[in-house]
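These notes are about the structure you will find just below.
Chains: A, B and C, in written order; residue numbering restarts at 1 for each.
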Amino acid sequence: MTPASAALTTATAAAGTHGFLSPTGVEIAFLLVGIATFGAALVTVTTKQLVHAALWLVATLGGLAVEYLLLTAEFIAWVQVLIYVGSVVVLLLFGLMLTKAPIGPSPDADSGNRWAALTVAVAAAGALVWVVVDAFRTTWIDLSGPASGSTKVTGASLFRYWVLPFEALSVLLLTALVGAIVLSRKAKADTTPTPAGTPTVPGSRREKEGAR
Amino acid sequence: MSRPSPDPRHPSAPAERTRKSIPGSGLAKGLAVTLRTMTKKSVTEQYPDTQPALPPRSRGVIGLFEENCTVCMLCARECPDWCIYIDSHKETVPPATPGGRERSRNVLDRFAIDFSLCMYCGICIEVCPFDALFWSPEFEYAETDIRDLTHERDKLREWMWTVPAPPALDAGAEEPKEIAAARKTAEKLAAAQPNPTDPTDPTGPTGPASSPDPTDPRKGES
Amino acid sequence: MNGALDVALRLLAVFVVFLTFPLIVGQTEHKVMAHMQGRLGPMYAGGFHGWAQLIADGVKFAQKEDVVPTGADRRIFQLAPAVALLPYLLVLLVIPIGPSEGAVGQAVDAGIFFVLAVMGVGVLGSLMAGWASANKFSLLGGLRTAAQLLAYELPMLLAAASVAMAAGTVSLPGITAAFEWWWLPWQIIGALVFFVAGLAELQRPPFDMPVADSEIIFGAYTEYTGLRFALFLLAEYAGIIVLCGLTTVLFLGGWHGPWGAVGLGWLWTLVKTALLAFVVIWLRVTYPRLREDQLQKLSWTVLVPLALVQIALTGIVKVMIS
């Protein structure tokens, strides 16, 4: 939800600097897709059917991928689909299928602290939007020129200017991976009398998340 | 991906087990088998288009040679699931010679086999002492109604035509008793009649030439 | 106007390929599988060796009642076949069949990523079907589908990354254009890993655990009837086309051939794809189904390390020749 609204706001902010009166077709498409994505994100968090929420998440993430595409960031868009729709949601659905999630609304899907959650969400969204708008206020993507988000450009900037954060992230993920393996092994050794299936599920899940 | 164990039929199998086989050679062998089978001619018989060549002793259907039936009821009584229905009445035959005694004879009125009950055990054919029942390889008598599977004597008599001729005897085998008896009678007749205008075939008197020989299938059967 | 016509023609061509090629593969599977088992296969429909069998099957499917189970999640249940089928149509758009500019439905810059991403979405259809059917066998099938996808997506991606490294581009026409004959031995491990992982992702035998019909009926598709079921089957065969086409383009050089690469390049692509499709059928006939644990083991302990070895090899050779 937060990235969606952030993208939405950036779009309006960017359009604002170039004038609202004569928006191009791409800008209109961007705005419409943004609204749809935002709507899907809202449904994701409000629906009482768990699997529906996961599938609406697919719509949200797909909408985000379309937004990336409209901003010429083709590589990022496909990786978004590959990782989030292809793996994370599949993992989510896999986890849901292991639970007793019913077909139809789950009666206990509502949490008591929804107001706290809403507050945190709005605060996070506000902070993100503020940071993004402040950072990229004057940046304008030239859609007609050579694609500024193609694989070549992305790769070059990633490994030329951002290689340190990239490597730091890699190390972080590796640590998570190793940690997941260690945790799952330890849990297995501790809980030998309990059914073997239960401790491995969260372990393998964390492991997969680490692997990506 | 465990490799299949070596084929015990191959004489080289124990040698292969001791020799270290290349990993994946079992997988390759499987692929070779399917590919080889593909290049061979398939064995499918396209049944409705081409009739299957059934062996003569196939248990397809039971034919009735009703001329031989004496209504002895042995078949009906021996049938394990009671699927043979026989009705008959007695007829009095006038004496063969004037002043002789009248004889009574059983006349077959109905002979039916319910093939929805029949389990094709062939006991009726085995027990028939007069060679009136025969196996036929004919099998195309499916019906849409189960009641239509009870076939009457005319139908059973028609199936007699599909009973194959028995296989030839082995060279040097003893002559069948029936034929030997028939030949002896024919020789006696020939000796009694001095003018040989009617040279009889040794097998001739055993039955009409057009109908299948009732004695011989029995020999093929047993 | 000319541009619009061009786009329409391309879309039409891809659509025709999408509708006919899976049928051809299906019919070939009928016949090849039959002959590999010493049978004849369909012989009646259409007269000559049952060539119209799949058309007859399609007519039969269209006549059947479209049943949605009472307990099912109706909307998702009905949407699932489309989610399973459409991604393959999208993938077909970007597979180049010839060397010229016009020999691809739509050139995509990050072609490999597009293809792999969209194929991953296709599996979502099976998951939706498995969950929404309100049937325990479907649910088991869905679970197995998910587990299999998670296991085999990684080696497939790594193998594709290897060939992208070798070519120095991630666009499919670019990779094919950079192909040299000696890439074949160089990338052979990657090609095998890609093909096997792709087979597993398509749930083709011997990786058909998610639809294992002798134990969980038909997995996620158990409750489907009529046209929706046919769509799932069509998705499977379209998946074969896509996988074989991709392997051809990435690892076998696509339109490259000993002769006629310029004029008859498209023929080379088709021949290679057809050969691979034959191999897919061949594997199905030959091998028994892998057990679920064998499946996972094959991926994590064989394919992933092999793919990593291939990437290392690619990197070393690439550095040495540049």
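Operating definition for what follows: contacts are C-beta pairs under 8 Å (C-beta built on N, C-alpha and C of every residue); 3 or more make two chains touch, one makes a residue touch a chain.
Please read all numbers here as calculations on a predicted model, not as lab measurements.
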Pairwise touch network: line, ring, star, complete, or other: line
Chain closest to the middle, measuring from C-alpha centroids that were averaged per chain: C
Far-end chain from chain C, centres as C-alpha averages: B
Most extensive contact between chains (C-beta pair count): A-C
Centre-of-Cα separation between chain B and chain A, whole angstrom: 78
Mean-CA-position distance for chain C and chain B (Å): 55
Distance from chain C to chain A - Cα centre to Cα centre, in angstrom: 27
Interfacial residue positions of chain C with respect to chain B in the complex: 32, 34-40, 43, 282-283, 285-287, 290, 294, 298
Residues of chain A defined as touching chain C within the complex: 49, 51-52, 55, 58, 74-75, 78-79, 81-82, 85-87, 89-91, 93-94, 96-98, 103-104, 147, 150-151, 208, 211
Chain C residues within the chain A interface of the complex: 71-73, 76, 108-110, 113-114, 116-121, 123-124, 127-128, 130-132, 134, 139, 142-143, 146-147, 149-150, 153-154, 157, 169-170
Residues of chain B touching chain C in the complex: 1, 27, 30-31, 33-35, 37-38, 40, 42-44, 46
